[in-house]
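Listed below are the structures to be examined.
One chain, chain A, appears in both complexes that follow, with chain B as partner in the first and chain C in the second.
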Partner chain A sequence: MAGEKMTMNDNHSALIHQTAFTADHCLKCNICTAACPVAPLTPLFPGPKTVGPQAQRLREPGQPSPDHAVEYCSGCGICTLVCPHGVRVMEINTQAKAQMTETHGMSLRNWFLSRNELWGRLGTPFAPLMNFGVRSRLLRWLAERIFGISARGPLPGWAGYTFRGWWNKQLKRYPRPEPDGDANRVVYFHGCSSNTYEPHIAQTAVAVLERIGLHVEIPPQTCCGLPAQSNGDFTAARRYARTNIKALVGYARRGIPIVGTSASCMTAIKGDYEHVLGLDDADARLVAANTYDFMEFLWKLHAEGRLPLDFQPLERELPYHAPCQLKAHGMGRPALDVLDLVPGLRVWEIDADCCGIAGTYGYKAEKREIAEGVGWPIAEQVYEVGADTVVCDTETCRWQITSLTGTTTIHPVQLVAEAYGISLENYRPPVVSKAPAESPVAQKGW
Partner chain B sequence: MATTAVDVLVIGGGATGAAAAYDLARRGVRVLLAEQRDLSTGTSGRYHGLLHSGGRYAVRDPETARECILENRVLRRIAPFAIEDTGGLFVATALDPPDFPQQWVTGCAEAGIPTEKLTPGQAREHEPTLATDITAVYRVPDGSCDSFDLVHVFVNAMRLFGGDALIYHRVRALLREGDAVVGAELEDTRTGEVRTVHAACVLNAAGPWAGVVAGLAGLDVRIRFDRGAMIAMNTRWVNTVVNRLRPAADGDILVPVGTVCVLGTTSVHTDRPDDNTIENWEVNKILAEADAVVPGIRAGRALRAWSGVRPLYEPPEAGHDDAVGRAVKRTFSVIDHVERDDVRGLVTVVGGKLTTCRLMGEQAADVVCAQLDMDKPGTTADEALPVPAAPSRRYHQLDHRLRQLEHGELAGELICECEMVTRRQLEDAIAAYGDQPVQLDDLRRDLRLGMGPCQAGFCSYRAAGILQQMHGTSGQEAVRALADFVNERFRGVQPLLWGHGLRQFYLDEVIYRRTLGLDKLSWDADAEGDGAGDDAGIEGADGFTL
Partner chain C sequence: MDLPCNDGTRRIKAANGTDVIVIGAGLSGLMAAVNAVNAGAKVRLIAQGWGQPMITPGWISVCDRANDDVIAEVRGYAAMHPEHPYGRAGADAMLCGVQTFQDVARAVGLPYDMRKKDGHNLHLSTALGAIQRPMLAPRGMANGDLTDVTETVLLVGFNGWRDFYPQLAVDNLRAQGIQARAMMLDLPEQPHTWDQWPVDLARMFDSADFCASVIRQLRRKVKGVEKIGFPAVLGLERPMPVLDHLSEQIARLVFEIPTLPPSVPGVRLCNRLRRWLLRQGARVQIGHRVVRSITDGNHCSAVQVKALGHLNTFSADQFILATGDLYNAGIQSDEIGRLWEPVLGLPVEAPDGDERENWYRDNLLRRRGHPVHRVTGLRVDEKLRPVGVNGEPVYDNVYAVGSLLAGFNPITDGCAEGIQLATAYKAVQVALGLYEDTPAKAAKK
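Let's look at the complex of A and B:
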């Protein structure tokens, strides 16, 4: 393991549930290999079974993995999802990548791709310049030749302002009253993308939460660590993870739910911190247990009867792609469930495993073609119906789908906001009347 | 009937016979080794893989302890390619006698075994799966040793010195002339062909069968058969040999060997040299004892169980007639039948440990040479064994095959996916047998085919097809070979049918019974089925039982 030693759980029977030991469960049935979207597209990747549980038996503990083929695992996690026996195939692969990064060091390109949090912050003041850069064919061509960052990879643009900056202004202009107790509080985890590249999604999410009547808290936070983790930099990934756990655990202890609009960030916090990075202490578990994907949270509110259903009808029919990282939550398709509550709105799921981008994988020049091949079924189905907008929960997937199909891509929360009639223009929080817990008459004993 | 003449015929292709044959060949003796099955298929192949530091015998059997530590160093020097320097730990738990560690440390010091005391914390940092309640830990120079590699290298080196080996040759009779043994009749167990070998001396290194071989000359060598069971766990739970620091008892050791972790052993008196049964209590006992040192291990996946027979021997003059099992010392004996029985031309070597096989071979060769009136000393400890030319196995280097695959050194599609055996490797291995008959089980020993978690569930039919194509055998023979192999693989799984093993077994059963219909295929109309019906597993009309 890079950096930090795996901590053993006091409960020793938990040992066999640790990621490496789940290789024990493999029956060689090949279900994962059959489901893998990458293996059929390149001879360079022999499939999840081979580089996962099988290779795991041949890896010298504490020694680097000698099989670089594992680099071609995109980390989409479909193997882990489909394994009927509980082998954490993707997690085993990711740990093997980390061991390799530890020995061979990290390429400048991978380091660059795993620091999106930094680029988001640094680029914001220079947004027009940066946006010119990522759209310049010459510069992108050079970046591909020099660094190996694909010229076709759908890099985002900088918004020129941050969501956090907007939120701080909001709080100054319209101070929100502190609610009594924690029952109606919610923590919003925006992630890097919604802070600097797509702040409108974070703004929409907060507006929806406030429309529902919740008090939104946005503690300081950093990158979820997933890009660093995918690139094998566990030291950085754990550093990010620790920072977030520290920032969030206080809320988790109070039972305040933590929600986020990036399904991949939420997967990292919910599962990868423990199963990939090996952070299995009480704080990490508590944060994971209190973390929800945004649409999952809305569906939970609905189940509790707390989601206002005064939606305006939206007469639209839209395709939806469930990102792999969302599938990894093992929670069904809450976005479809919630959007189904909106009158007139028909959202259908595209039949595709993965869009191919898999976080930073599809930005790597040598993997770009594989990423496009994996995502191609999405393009075919979108073309077939002639849709102009695709709904999807994760940012890099949306950018990939846009690049594959030329359509606009939106987060499901944007449809929810539309159905609630929320406008971000001159946004001000709705007046939330604080209903007394009991009749004031009864309270005063009248 | 073919007739050959050599100086010495060595009977037994285990570690002792191979070491002795090599030793003799180095001294310039013309030597022929005969093995009734394949090399290293008896006790030497059915062992736990431990290269002893001697610590295990330090208290009760100081002579063996001393031999072990000396030979441990010799083997590391002459056969480094067969040994993984895992190091070893002796670990006492709260359940173990608290005064034993002190005795043990003294015993080790007297035997010359270096020990280093660790705190439980240091030990757990090194081996994080160790229990939290361990009370004392010492480090010793244990290792793990691949007996297949070692025996093969002994035999290959012997060939370089002009010796030869015959496998699948059983001794049918020893030739006697008056009070001398002058050779043997060997029968090829595959073809039934018989050949006569004249030899000035016969070295009986037949392990548990040493009594049977001596019996062929009308001599009485009483071997005590002591059966021990072992279980291989699917993954390496520890990377250091872990011994229990207590007086020797069942389930004392965990040995990381290649991809697996071998747990052992038991000690059960038996009256057959080929008794390879495993009783349920042995499996439970071994897992429970290992679980005390590495908690959780009994819930892990057990891959295969096997048992081997220790050929124990104490010369009658030692006066321990009533000693059984662990009470019998693990020292070895070289019986000069001239001295004992006034019969020339026969020497028997018996007892000992795999770790001391070279020493046993050397001392047996000394006695043989004395009978041949040679006084050339053994030199096997002086020079390293030749590194195998085609290191196809080298499995103690865990990542070797991954590295080969990565560098494109293993061409062709994967046949055995678990152990990463490719088509090319398999074809080369089959070709190496020339026109000799070859069984899938031989290829298993050569390549580790079918030794992974699925226990040949997916590779055996592929390998059987390739073998059939290359050897042009009939379909019936191919089916029979497949069934034999699958049955042999499943035999080792049967004692472990719960949890993951049971799931795997069920999947494999579906492949062989429902997809391939192996139980329905008939390859020999005359063969008798044992008619137990379907409930015991796969049961073909022709005895394909599973």
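Let's look at the complex of A and C:
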């Protein structure tokens, strides 16, 4: 008699589902305050309990928010993770930030930082010029003085081409055969960064999916909305979210998995649309249920015996940072689980809550020092072992880690691609067999 | 002083290839993970949040009521009460559990000490000046043993800090015949008006400047003082150097007294054990609420976590349930008095009559505690597998440890941590097939 056993926890959860009401479960134990990486670094932030569940008692819809301190919450969500009582502390804080933005308006700087999708697209044709601007000390100094965008914040460079452009060319040059049915299809959500700043990551991801024997679909999509959300611009965030849900829900209805290489974009689609932005309808939930972080998806394929295990050995030992937003997924550390399958490779997790950048937080001049302090434990542990490369699933975290440590940073999918022997040079899709490769052993655990 | 423990634990890699999932990040969950890692298993620790060490004093109560030999007392009690968690685990498992805990705590730089002269229970003051009698405590607390104090004990508080009032403790200590006096120190001026939590003060103590100002304020005022008690905030990142530095500079033994939550000794321990586990290759998944299990007959193959978007499945060979008691997430209840175990739906022992009004007695601080705390929990067989009404284990690969177990009162019995360590040790031994090979049995073979 095999089966899944549902216990009363499932029924119970409906009662405490709504984010604001989870504050009722707060015992004021301060475990979140003890774990908060921001509070010890600035006297301007009294800690997640104080601005979260405690201040929540004084917040009413339509009323002004009680304090400005919540601005200093980075939104990393460590508080939500460590709470033993299921209080969604970070989500409460993010909603409070939105209330602040509604009351007091949004600074030009925050508006600017929450539109990275726009800058990515607009900047691509002028990549050399834009990259010069980003690297110019004078211009960065001016940007800090005028807009409040930290001169030390690790802004990315433009690649000069887009992933979508590359993909369209690929499809023209090597038309992929349409598979029968939907079983071997997968939707790839590249996000803004992998489209315009780091297209090689998206290219690698697609190549890995094709190597596994999946038919990749890349529907039109926009920013996940997280930058707007964390800057309190819920109107824009909801607009982005709705666009994506509309673009993806058709695939979700057909049971086609949606995967993405940016763990933070995936956090937004899987969780924040509902818990923070309040988009609690059937379409949003269906998209969330069918969305997977890239490494989570590979681990799921492995559990189903569908991940080819013909990896070439990689004799390397590398530190890995699990981004705070990845920790929020509730999926463990699938990057480590998958990379453990590669012979010779040993990837170990750095003990750190957050790299500090927290999306756009670390780009704000007044918060840059805090962001560097939050991320410092990563640098310490990387220096301790003298590593030259750090593995990490989210783009802004990678840039932050590079700026803190001077090391190269890579997405775990790049190691998977290396182990599969994939090269992007003159990339051609592998010949797809009708049935996906069966791995030789029944899979369980790790 | 070390405990005489030598059995299968040191056989590293014995259990290579076994996957263990531990659910719960309290003392028993963390130590089950540590013991399984030590034995060479692949370990995944999954917990909804941090567990009880974050809010408890930080010391290890094994058998508070023992007047002399604690171990002999537990041994005798365990032999006479096979249904009690100590009876189920056995006194040997308690010894080894405490020993492995002391070993790993020392390895992460947080030594825990027993009473120096004989290893009997310490006599430690609470923030109210009551005497508690744990067997083991973080070095900073163990320094505060009041057993043979002959001169004055000085208790130090901070002006404007509302979490610790030394005079209150001093009055109560004096009433018990202990010479004590109180003293208030100044905190540096704060740039803001937020509440200060124990972790905030602990971070101040991490800084050399702050320690220097404390030393300056105290140095000339310790005549006739034997030891100096601070609230347990002496450093978060570097507690041992802070403790040594203060003791050396003030030329008196410095000790720590538990504070209101969060417990700094607990934060230190959890943070360092997390780092240790990660370095050993274990997964530490805090913030993951297990809501369901996948079972086949009497075998559990996986648990499912409530994740963003969908449930996530984690499979393993062995499962150790360390989810805590009614005050934690291990047992849940509702307003009409139903009790349930939320992960696997295991049968829960309930107080007689099943009515919520039978759970409590009229007196809140009743000495023996309330029936609900003694009775409620999971009943287990001698291998620590939860049993059904028929007395048979419900699953062949699920073990329950710590305060989740029925048959003792973790609040009033003064043995909660001892049981957590003992059962966490024994469950891992059984789960990894090392239990049958204890020296006594191996010798027989």
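As a convention for this text, the second predicted complex is superposed on the first by the 417 of 446 C-alpha atoms of A that agree within 3 Å, B and C clash if a C-alpha of one lies under 4 Å from a C-alpha of the other, contacts with A are read in each partner's own complex, and residues count from 1 in each chain.
To be clear about the criterion, a residue touches a chain if its C-beta (ideal position, glycine included) is under 8 Å from a C-beta of that chain, and two chains touch if they have at least 3 such contacts.
For clarity, every value in this text was computed on a predicted model and none was experimentally measured.
**Student:** Tell me the contact category for A:349 with respect to chain B and chain C: first, second, both or neither.
**Tutor:** second
**Student:** Which of the two partners, first being chain B and second being chain C, lies in contact with A:332: first, second, both, or neither?
**Tutor:** Once the two structures are laid over each other on A, A:332 reaches chain C alone.
**Student:** Using the touch definition from the top, say if A:270 reaches chain B (first), chain C (second), both or neither.
**Tutor:** second
**Student:** Among the partners chain B and chain C, which is in contact with a greater number of residues of chain A?
**Tutor:** For chain A, the partner with the higher number of touched residues is C.
**Student:** Which partner does A:255 contact after superposing on A: first (chain B), second (chain C), both, neither?
**Tutor:** Once the two structures are laid over each other on A, A:255 reaches no partner at all.
**Student:** Which partner chains sit in contact with A:26 here, chain B, chain C, both or neither? Use first/second/both/neither.
**Tutor:** It touches chain B, and chain C stays clear.
**Student:** Could you look at A:60 and tell me whether it touches chain B, chain C, both or neither (first, second, both, neither)?
**Tutor:** A:60 sits against chain B, while chain C stays out of touch.
**Student:** Check the residue A:68 against both partner chains and state whether it touches chain B (first), chain C (second), both, or neither.
**Tutor:** First partner only.
**Student:** Looking at the overlay, does A:50 come into contact with chain B only (first), chain C only (second), both, or neither?
**Tutor:** A:50 sits against chain B and chain C alike.
**Student:** Touch test for A:81: chain B only (first), chain C only (second), both, or neither?
**Tutor:** In the superposition, A:81 contacts chain C only.
**Student:** Starting from the residues of chain A touching chain B, keep only those that also touch chain C in the other complex, and list them.
**Tutor:** 5-6, 8, 10, 12-13, 29, 46, 50, 85
**Student:** Along chain C, where are the residues that touch chain A in the complex?
**Tutor:** So the residues of chain C touching chain A come out as 19, 42, 44, 46-51, 54-55, 190-192, 194-195, 197, 199-200, 203, 261-262, 267, 274-275, 278-279, 281, 283, 285-289, 291-297, 301, 304-310, 312-317, 328-329, 332, 340-345.
**Student:** Which of the residues in chain B come into contact with chain A in the complex?
**Tutor:** Answer in residue numbers: 125, 128-129, 131-132, 234-236, 239, 259, 295-296, 299-301, 397-403, 405-406, 414, 417-418, 420, 452-454, 457-458, 500, 503-504, 507.
**Student:** Under the touch definition given earlier, write down the residues of chain A that touch chain B in their complex.
**Tutor:** 5-6, 8, 10, 12-16, 20-21, 23-29, 46, 49-50, 54-63, 65-69, 85
**Student:** Note which residues of chain A are touching chain C in the complex, please.
**Tutor:** 1-10, 12-13, 29-31, 33-35, 40, 43-44, 46-47, 50, 80-86, 267, 269-271, 288-291, 296, 303, 327-333, 336-337, 348-351, 444-446
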